[in-house]
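Dropping a structure here in structure tokens format, bear with me for questions.
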Amino acid sequence: MTNTNMARAQLAQGEEAIIEFNDVNKWYGDFHVLKNINFSIKKGERIVVCGPSGSGKSTMTRCINRLEEHQKGTILVDGVEMNDNLKNIEAIRKDVGMVFQHFNLFPHLSILENLTLAPIWVRKMPKKQAEEMAMHYLERVKIANQALKYPGQLSGGQQQRVAIARGLCMQPRIMLFDEPTSALDPEMIKEVLDVMVQLAEEGMTMVCVTHEMGFAKTVADRVVFMDAGEIVEANKPNEFFDNPQHDRTQMFLSQILNH
Amino acid sequence: MTNTNMARAQLAQGEEAIIEFNDVNKWYGDFHVLKNINFSIKKGERIVVCGPSGSGKSTMTRCINRLEEHQKGTILVDGVEMNDNLKNIEAIRKDVGMVFQHFNLFPHLSILENLTLAPIWVRKMPKKQAEEMAMHYLERVKIANQALKYPGQLSGGQQQRVAIARGLCMQPRIMLFDEPTSALDPEMIKEVLDVMVQLAEEGMTMVCVTHEMGFAKTVADRVVFMDAGEIVEANKPNEFFDNPQHDRTQMFLSQILNH
Amino acid sequence: ATLDDVKAKGFIQCGVSQGVPGFSNADVNGNWTGIDVDACRATAAAIFGDAQAVKFTPLSAKERFTALQSGEIDMLSRNTTWTYTRDTSLGLDFTAVNFYDGQGFMARKDLGVESALDLDGATVCTEQGTTTELNMADFFRKHKMNYVPVIVQKADEALAAYASGRCDVFTTDKSGLAAHRSKLADPSAHVILAETISKEPLGPVVRHGDNQWKDIVTWAMFVQVNAEEMGISSKNVAKIKSESNDPGIRRLLGAEGNMGESLGLGADWAYNIIAEVGNYGEVFERNVGPNTPVGLPRGINNLWTEGGVMYAPPVR
Amino acid sequence: MAIEFKPSPSLPPPVNSVGAVAWVRHNLLSSPLNVFLTLFSFYILYLLIPPVIEWGIVGATFSGASKADCTGDGACWAFVGVYFEQFMYGLYPSEETWRINLTLILLVILLGTYAVKTVNKLYLSLVILVVYPVIAYFLFSGGVFGLEVVETSLWGGLFLTTLLGVVGIVASFPLGVLLALGRQSKMPIAKSVCIVFIETIRAVPLITILFMASVMIPLFLPEGMNFNKLLRVLIGITLFSAAYMAEVIRGGLQAIPKGQYEAADAMGLTYWQSMILVILPQALKLVIPGIVNTFIGLFKDTTLVYIVGMFDLLGRIQAATHDANWLGMTIEGYAFAGFIYWAACFGMSRYSMRIERKLETGHKRN
Amino acid sequence: MSDKNSSSIKNFLNDAGNRALIFQVVLLAVVVFVGYYLFTNLQANLANQGISTGFAFLNQPAGFPVLIHLIEYTEANTYGRAFVVALINTVVISLMGIALATIIGVVMGLARLSNNWLVARLATVYVETLRNIPLLLQMFFWYFAVLATLPIPKNSIIFGDFFLNKRGIYSPNPITQDGFGIVIAGFILSIIASIALVVWAKKRQTRTGLWFPAYWASFGTIIGITFLALVVSGFPIEFDLPQKSRFNVTGGMVLPPEFVAVLVALSTYTGAFIAEIVRAGILSVNWGQTEAARSLGLKDSLTQRLIVLPQALRVIIPPLTSQFLNLAKNSSLGAAIAYPELVAVVMGTTLNQTGQAIENIGLCMLVYGTLSLSISMFMNWYNKKMSLIER
């Protein structure tokens, strides 16, 4: 079974797919970065994406809320096709939260302002209500007491949690995480993963690029392994770790687990 | 026995001292940073200097090739007194190699040029010969294939190895290392320490500020512990680690070994 | 048309120099005086019966023509020499002459120069962008003399350069020379050489193509000269208007008929000019005459009847 | 059995390494070259300072009503005293100058209220940027509330200099932002228009632009259509500094990490929302020193309006030196002008350094 | 990818690409329209008033003198030639100003970093004073201060055949005679020899490691051989010596005070800005680089030359370019003190005589535009070269 066929098989299983990649191809200039991606994600599913550096994990994730454009194939998010249509993009971005590796908090705004910015300006929520909601999520990530500080005054783990809270404040139906823990030290990694595990338990659709295999084992519904712009393998975590189909996957796993 | 006396005792033992500190005192403005340093290093000796942050380790090391001036006492390097005499300083600097924590490679020069700069301009070595020698040392640190790249194109560990090779290219009789591994990740630390161990085995006089206790145990002839600008204790590694004399040393060791 | 614009605005925008005593100069309170200023005031008096209905735009020699061409100002009255090229190719029309001038030289006394023909090899300072620059060049070429030109953007800096010894001589229109000399630290140490090396008829300028406006400016000037010739001045004009029997005078002052109509003005246009600004003699005496700091003799600017060249066509 | 460690007491440094002696030795005489440089510097100071003090202070006359009051041993500051009002306000009628002063006081008060915590900064900024200029305009030019009309041709002196500088900078700011955004944009035509505009303006001297503005613009307009000369010069200056401002701001925009743009996009903010709420506040903060530098440059450059016949501070001073009663006061006049410009620009550059330092900590904190 | 519902206008408007397109088309239309509107008005206005247009005036005799001309020029020459004269004057003062300002800036920038307190302070005073006073005032200062301190021609300061007075610096003017070809040949020869010398020195270093002061030596070679050629050919140069005449010193070559004042004003003013740029550039190089160089035994002068300056240049070049451009543009202020540069000759005298504002100002803008463009192209090339070496 080739990778493409296998991924398509996954698609066939999916009912109620909320994200669908159909034959998606993307180039950076001449460089073919995503090759025939076929993949679908069901509502409420939690996907962990892993793979070597430069394999296209970030690119694929960023295509979902069209931070990157793809050149061939279609991506459907919540039934809406991602194309040049601005209205569609704006609508989808409201529904998709994203947490970046480097947090990308707005340094000139306080934590609270970081959280309420999108609800107020995009969702047109009354300020008061937005702030209440923001405080709610800050409590969820256990840093409500930091609400009035500025990002620069928080530790890395705290910043990352603010970034997650900011994503949640849009009350998105899908959350994308791009290596949310790789900039953190071990202690902070734990803080952040705890929050994510909680979220996962609440049934939100999640796509998470990470190499924290512990996390993958605990919460993922499926683990996707990419290399050289292709999806090499996608499988249930226990299958994936205990019985990898591809030798490429095996090699990768051996490296990562020995570390 | 006060610390000073003890250090002096060491001095008395030394024959063929290549570096001698006699009652060295140094102030930064009003701040008394080195207090009555009495210490001597024999030819071929390998000294590891450790101690809490701000205790004056770097300062002491940098006094040896007069990157810093001291105000009282004398420092003899290879029998030459370090004072305002520019000729002396230049002569000594030719004999003393230094490797900095942050590498301080010259970014506008290729690796090879970084290495040949001093031999050509200071030692007046023919360019060809300088390059041959540089390649020799690059092979020693196992990055001969990177010779034509620029520092910005190398990884941290590679850069640090270039820095060591650069120091060696002056064919110095003494090498000073100021925390040569603290900016590196664990994998790279290993690379660099390996090279240093090799050097040490060749019998070069080495002064190394580091907290890599494994390294100290393996290669050091003596370990010097500093605090608050003084040499608190200086001893053979096994004595030093197993049987520290001072409570200050004990405290420090307990911290560092638990880490 | 300009007249309509001006009437609509309620004032004339008049371009003048940035400060030449006797010609156009603003005092500490911002009141403008001078012969050139009075040319504008006379026009205003003719149109509005109010000599104050003028606004002044101080212009450097460089910008003056462009300012007029572009419509920035309605008339230019800025000791501007009437020359062939200027009249024909700049898109401008000269109107009348309100001052006959000629270019001269000023030199340091201790240089011992007596005639402009002694100036071979001299260094000459002057202002940029004026006919002076060209006349100077012609003069030296004609007499096959060498010279070094130092041409400074503004008259004041040119004078300062002369004063500091950069130049042996300073050249500009003779009327200006006297004024400039008075600015020097020791005026008596400088002489104005006798020669006049050029003809410099100075007068107001208007844009080409608006003949009605040109006529108004021209005749405002002629009225002043005619008035002097007829012995009418600002002091006696009211009396003469009511008492005179001379039909020529009565026509001029609007006591009979309406001479102003063909200019698009009221019958008392000339009366207003004389009453508010005065006749040409008065204007001259008031601004540059022997009793003013500028202290120029009437000389060539006297009426033709008195041996000068001021000769205006008759109003009839 | 362990020995207790007591750090030895810190001793004061040896005398020859601190204090005046050490300072002189280290800072003035540390090497033969330095000894030479020190002596040379003293010589230069000796050449410069005594004559200046002699002329400007010791021998100077500070008060008097006419040139005759000046002794001639040094500067005649009485000249500046007599003409002071003109230098400050130009020909603005002296019974009306209170209007300028009032406007200034109003500005100081408004800016002062920034310090008050309870005031809404946004509204205050709006008042300063929108309401205040309108008030200032009517106060300056009159014609309402029974205020006498004062022609713009009478405006002058330091007042005009400041007006040109302030209006130039405030008006060029939004334009500069737009140009900078345009130059950064992905749309080829918009981008080229911005680039052509910026580069053209930056390539020509201010004089040519002022000349165009002051005398040539009417040539480009239909006959009879024209507007105030001051306004035209202001437009010229604004366009000029907008081009420079745009480049400064572009620098700030480039310094903002890509992640900030992406985070804003990912949240669903529109282009203008993300610019106004996220990117510009950060970018502008970064380039405040550059903006202040542009302002200083502009403030000095306004002297060029004298070439197109407007009487700013320098123009008024020059005009005053034509006064038959005060001939020969050029040096005093220029020295005074130089001092005013120097004080203003130096003040601004120090202020910008302070902001810079303040932002540096702010940057670390954020 | 086409949208399935693209028939509806709303969708069309929501498409990001289309929106951008529409905006740009509108923008272009506005720009074109405004340009066209202004142009037609201009034409109408010029025609209405009978103002001459076109560049025919460039072939007419100018009739005015120009103080400083590096090519032959008399009043009888055309406006076109006057324009070229002024153009050369502008270019010359700009390039010399740039060279001088760079030297002053580098020296002052280093002085600000000097460890001699007094020198550093004086340099600071220099920078803060000159940066903050309008250039026009400084030009007046230099012009009139220079003039005030110099003697009148009668009392010229004389060094041999050199004269110094209010009218300028006079020096002998060399006039070549027959046989000068030998000297030229000697000069060319000497250049070839010195190149060979440099190549040899480099080779020798590679072989033996010894440095040879090749640049000084080639300097000496050039002087020496050229001088030898002069002797051999029997000095085929005659000098037109300056001589005192009734008013002035005549003959010889003269450097007028206008030129000196403009040059000094431009270069000291811009030098103050460059000093700050240089200082910032040097400070931007990590102190660790200096320490590393020192610990390799490099002398401080070598450390500066081989390590610090090459790295500082990266930071220095872009703002330096802006300063060069400013200097070129600021040379237009020379008009105020009688330096006959472009603005003085073209926008001053020529414009006043021909009244053709559009053409003359257009010419000026064209020249400044070209000059600016050339400077920035050169600097960009240099910058690229520097950064290529680095990476």
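By letter and in written order, the chains are A, B, C, D and E; residue numbering begins at 1 in each of them.
Keep this in mind: contacts are C-beta pairs under 8 Å (C-beta built on N, C-alpha and C of every residue); 3 or more make two chains touch, one makes a residue touch a chain.
Heads up on the chains, UniProt names are A, B = Phosphonate-transporting ATPase; D, E = Polar amino acid ABC transporter, inner membrane subunit.
Predicted model, so just to flag it, every value in this text is computed and none were measured.
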Joint neighbours of chain C and chain B, given as chain labels: D, E
Required steps from chain A to chain B (each step between touching chains, minimum): 2
Label of the chain whose CA centroid is most distant from the centroid of chain E: A
Per Cα centroids, the chain farthest from chain B: C
Chain with minimal offset from the mean of all protein Cα atoms: D
Interchain centroid distance [CA atoms averaged], chain C/chain D, Å: 41
Centre-of-Cα separation between chain D and chain B, whole angstrom: 52
Inter-centroid spacing, chain E versus chain B (mean Cα positions, whole Å): 50
Centroid distance [mean C-alpha coordinates] between chain E and chain C, Å: 43
Residues of chain E engaged with two or more neighbouring chains: 45-46, 48, 140, 144, 336, 347, 357
Multi-partner residues of chain D (each touching 2 or more other chains): 211, 215-216, 218-219, 223, 307, 330
Touching two or more other chains - residue numbers and ranges from chain C: 66, 69-71, 153, 160
Residues of chain E that touch chain C when the two form their complex: 45-46, 48-52, 63-67, 75-76, 140, 143-144, 147-148, 150, 152, 166-167, 245-248, 250, 257-258, 335-338, 340, 344, 347-349, 351-355, 357
Residues of chain B touching chain D in the complex: 1, 3, 25, 27, 29-32, 35-36, 71-72, 227-230, 232, 244-250
Residues of chain C touching chain D in the complex: 5, 18-19, 21, 25-26, 28-30, 55-60, 63, 66-67, 69-72, 153, 156, 160, 182-185, 293
Residues of chain D defined as touching chain B within the complex: 2-5, 7-8, 10-14, 17-18
Residues of chain C that touch chain E when the two form their complex: 61-62, 65-66, 69-71, 85-86, 89-92, 111, 119-123, 125, 128-130, 133-134, 136-138, 141, 146-154, 157-158, 160-161, 164-166, 168, 207-209
